[in-house]
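Below is one structure; the comments refer to it alone.
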Amino acid sequence: MDGFANAAGKSIVMKMIAEIQANKVYLSDIDGLIGDGDHGMNMNKGFTLCKERLGRNALTFTESLAALGDILFNEIGGSMGPIYGMIFIEMAEYAAKETVITAHVFAGMLDAGFNGLGDIVQARVGDKTLIDTFVPARDAFAEATASGLDFVCALQKFKLSSENGMLSTKDLVSRFGRSSRLGERSRGVLDAGAVSCNLIFQAMADEMINLIK
Amino acid sequence: MDGFANAAGKSIVMKMIAEIQANKVYLSDIDGLIGDGDHGMNMNKGFTLCKERLGRNALTFTESLAALGDILFNEIGGSMGPIYGMIFIEMAEYAAKETVITAHVFAGMLDAGFNGLGDIVQARVGDKTLIDTFVPARDAFAEATASGLDFVCALQKFKLSSENGMLSTKDLVSRFGRSSRLGERSRGVLDAGAVSCNLIFQAMADEMINLIK
Amino acid sequence: MQRILNNPDDVVDEMLQGFLKNHADIAMATGNPRVVQARKAAAGKVGVVTGGGSGHKPAFVGYVGRGLVDAAAVGEIFTSPTAKSFFDAFKATDQGGGVACLFGNYSGDNMNVKLAIRMAEKVGLTVKTVVANDDVASSPADQREKRRGGAGEIFMWKIGGAKAAAGGSLDEVIRVAQKAVNHTHSVGVGLSPCTLPAVGHPNFEIKDGTMELGIGHHGEPGVEIVPMETADQMATHMLNLILPDHPFQENDEVAVLLSGLGATPIMELYVLFNEVAKKLNDKGIRIYRSYVGNYFTSLEMMGATLTVMKLDDELKILLDAECESMGLTQFGR
Amino acid sequence: MQRILNNPDDVVDEMLQGFLKNHADIAMATGNPRVVQARKAAAGKVGVVTGGGSGHKPAFVGYVGRGLVDAAAVGEIFTSPTAKSFFDAFKATDQGGGVACLFGNYSGDNMNVKLAIRMAEKVGLTVKTVVANDDVASSPADQREKRRGGAGEIFMWKIGGAKAAAGGSLDEVIRVAQKAVNHTHSVGVGLSPCTLPAVGHPNFEIKDGTMELGIGHHGEPGVEIVPMETADQMATHMLNLILPDHPFQENDEVAVLLSGLGATPIMELYVLFNEVAKKLNDKGIRIYRSYVGNYFTSLEMMGATLTVMKLDDELKILLDAECESMGLTQFGR
């Protein structure tokens, strides 16, 4: 079976939560440089709330992910609430009926998550947002799968592209809203959302790899 | 002539002013410890204002002292305005008609200054206020003069007692108003008014000694 | 961190509880703990809603009241309220005539309001919006739609709120609120940073002896970092960014709002206002009405924001209308 | 020092110029540049005067207005106004019925008011005084006359000012203002120091992680330095100093004023108020009316003062009376 049981996948979300909790201050510090410093705090609040809600309940991967999306969307607000909320809700919805999460399913989830943003997010690659992490990672995973790599190898590509995408934001000049008048002052600093997206993707992929093995 | 010409004594007030200006921050820092930190700032403002007003005008000692008292009283306010204002105004008034300021006259001035406080100041020696500088210095001067010491020697005694009086406030527990509930926490710190009074008395006596010689 | 807190994660909830206890005559709770509603909204009026992150007191809940905003959606510190909270605020204030949602131009608020409007459409509730983008430091004049909202939001609420209180229709409320925004230009100066309670150390840095010209309400970097200036120079610098932007001209009548960012002593705001007023007077621009104080803050940041709104007869009448809220209470005149 | 200033020695004068420009509808200048007078004092009323050092905005000039204080004498920062200024304030407000001078218990103010009254006596002007000594941390209860004035001065002005506005005689105004003081108890908590502009560095020290319980409005040391507490613990600590002092008892009705010291975010004042209100409720003490905000500050100090006034029917009516000033504007109820 090239995949893992949806029923066994709650640990993926738990891993994502642990990663965000561990990086709460780091994420706020990055956001403080050209943003408003709340990113880590809010992510931590939402993810921690999710941990409490999930508790010891036996939940599937997609149920856990839906719960996380729901909490972010309905209880956290900010930019992250709608963005990560939509992404997780749509990803979960796409695979809700699957017993096994295969590479093919996961590729579909990533597409669904991105498409779920719809017209809420106008940013594209290069605008110094979490899109700079998301899109390359998603594309690398799709390409790897299409070229016949197995799930674990495709996840390795996914991790690598996610990391590189995140790093790419450092040299970008912000073009969206808030920091657009900053010009050169926005260069040299990572984008907070790109960093959190990468943390989430790394945790997600690592635990998937664990489950697949 | 055991004394100096009133007409030549503007320099005494100028010396007092210079001394307060030089100690502006020091006085506020002392006041900050158990008071409100404004003592140096206000003294400096009043004394500096006086310097500007006196300018190059040819004024006597008592005219200059009256001007200083007047500015403190009418334009500075605080505790210092009425206290030093009254003291200087009454000292100047007492000797306004004298051509020569003798030891006898100066003793009378100190008495007049103290009495001028009347019921405005209830503090007595031991209450950790500028009275702890003023009264011992005045008494030492009167005693020295009565015992036949010359003006300069009496002024030396005056300086010594002023200094000791000021230092005595360090070990006193404040009994007046503001810091009375502090109890032991008010011990170990000089009283700001006692310090400024000593600075003024030292400058006053030093320049008188210069003039007498 | 020398702050008055219990668990930092609970600060918004506890603040709201305290707020509602203290202002029971003006504001009241709703079914959504993150939505606060005015107690005395006149029957049949258009609903006026706002919302935004916390940490800006009096904004946003502080402008819930009579003649101002009917409900506010409340977010975490510096964080947009949820779409659900905006939607609940719409529902709480709609009396059939629709709702004017008057908010500031931040990506989170834009997203959440957009989503809330979708929810409103599904239940047949009409919501129209005005987005304040008065902060001249955040984008060039030819990209005004990208600019952040600043303390000018207060004029938007005052003008829109007064029109709604006077029985204006939804379109009228939207028209005057939009006019207020179009006529309003703000700029901030930051002198010291702020600390989010849950983070525990300053959000960003302002070196002693320097100041950040054009800083945003959350410490977003501004136009330039310059050496610390006198109040007089600050006034010049701020007006130089604002006046050409409208442009404001001789014989214009204006409303001025000078708000502290939280920790600057009010005494110093009057010193700055004194300079601003002198310079406007020198240019022949007449201050019709002014407000100086902590009207839109950023936790314990030091600094100030200056907002100038060009007035016409309609705006004057609406500005002068009576209102009552935590942040702004004035008798009519 | 990250502050908005020109020459620090001019800060009070420039502040007053800015204040008068901004509040021309409420307050006006007098012949003495350090005396500010209310614009709308009703004909024939008893004059109500206060005065004190600057740096406490809204206190003192911020309470000049309708239904409150008729004139304020203004001192340098943290420094009593001159006797001459108090006297000029008396003259400006006397309409034949005499003047009530309601001020705080500080040695400078005591001296200068005493001297001003001597000047008044010489011109046949009747002045009576009430001295606020509500700060429980500054002396034991059996030496109440030694206690400092705290934010309770605001209740003294509100009650005395309302009585005068209602046509009360001088003796009546003095009686109710004295009653307000007798019924009022305050305590402060300091979390960070303040810097006098002309000095340029902090006035005193509060070590990070500690707080000063019972601090005065100028940073005067308080009862105790204790490790930094949660808002909940602070509320307990402050009430433990205030409640036994009156003593306040079950079924008492009280007015509560929770003022920030300048730099504490208003959000946190509501968090603290929430705890105070809970604890009073637990003890069966009813909050009839409350005020939370920056009502009596100390430049950019962090911290808060809590003031509780025991009410009776007379005080309630006077507290609820309409008033209009920079610091406090309320509609009658």
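So that you can tell them apart, the chains are marked A, B, C and D in the order they are listed, and the count of residues begins at 1 in each.
What we mean here is this: a contact is a pair of C-beta atoms (placed from the backbone, for glycine too) under 8 Å apart; a residue touches a chain by one contact, two chains touch by 3 or more.
Remember, predicted model here, so these are calculated numbers, not experimental data.
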item	value
Shortest path length from chain A to chain D (each step joins two touching chains)	2
Most distant chain from chain B by Cα centroid	A
For chain A paired with chain B, centre-to-centre distance based on mean C-alpha positions, whole Å	73
Inter-chain centre distance, chain B versus chain D - centres from mean C-alpha coordinates, in Å	33
Inter-chain centre distance, chain C versus chain D - centres from mean C-alpha coordinates, in Å	29
Chain-level touch network, classified as line, ring, star, complete or other	line
Full enumeration of touching chain pairs	A-C, B-D, C-D
Interface residues, chain D side, partner chain C - complex	2-6, 11-12, 14-19, 21-22, 25, 54-55, 57-58, 191-192, 206, 208, 211, 228, 230-232, 234, 262-275, 277, 287, 290-294, 297, 299-300, 302-304, 324, 326, 329-331, 333
Interfacial residue positions of chain A with respect to chain C in the complex	24-25, 28-29, 32-38, 40-42, 44-45, 73-83, 120-121, 176-182, 185-186
Complex interface listing, chain C residues touching chain A	9, 53, 75-85, 105-108, 111-112, 114-115, 137-140, 143, 146, 148, 196, 198-200, 202-204, 214, 216, 218-221, 223
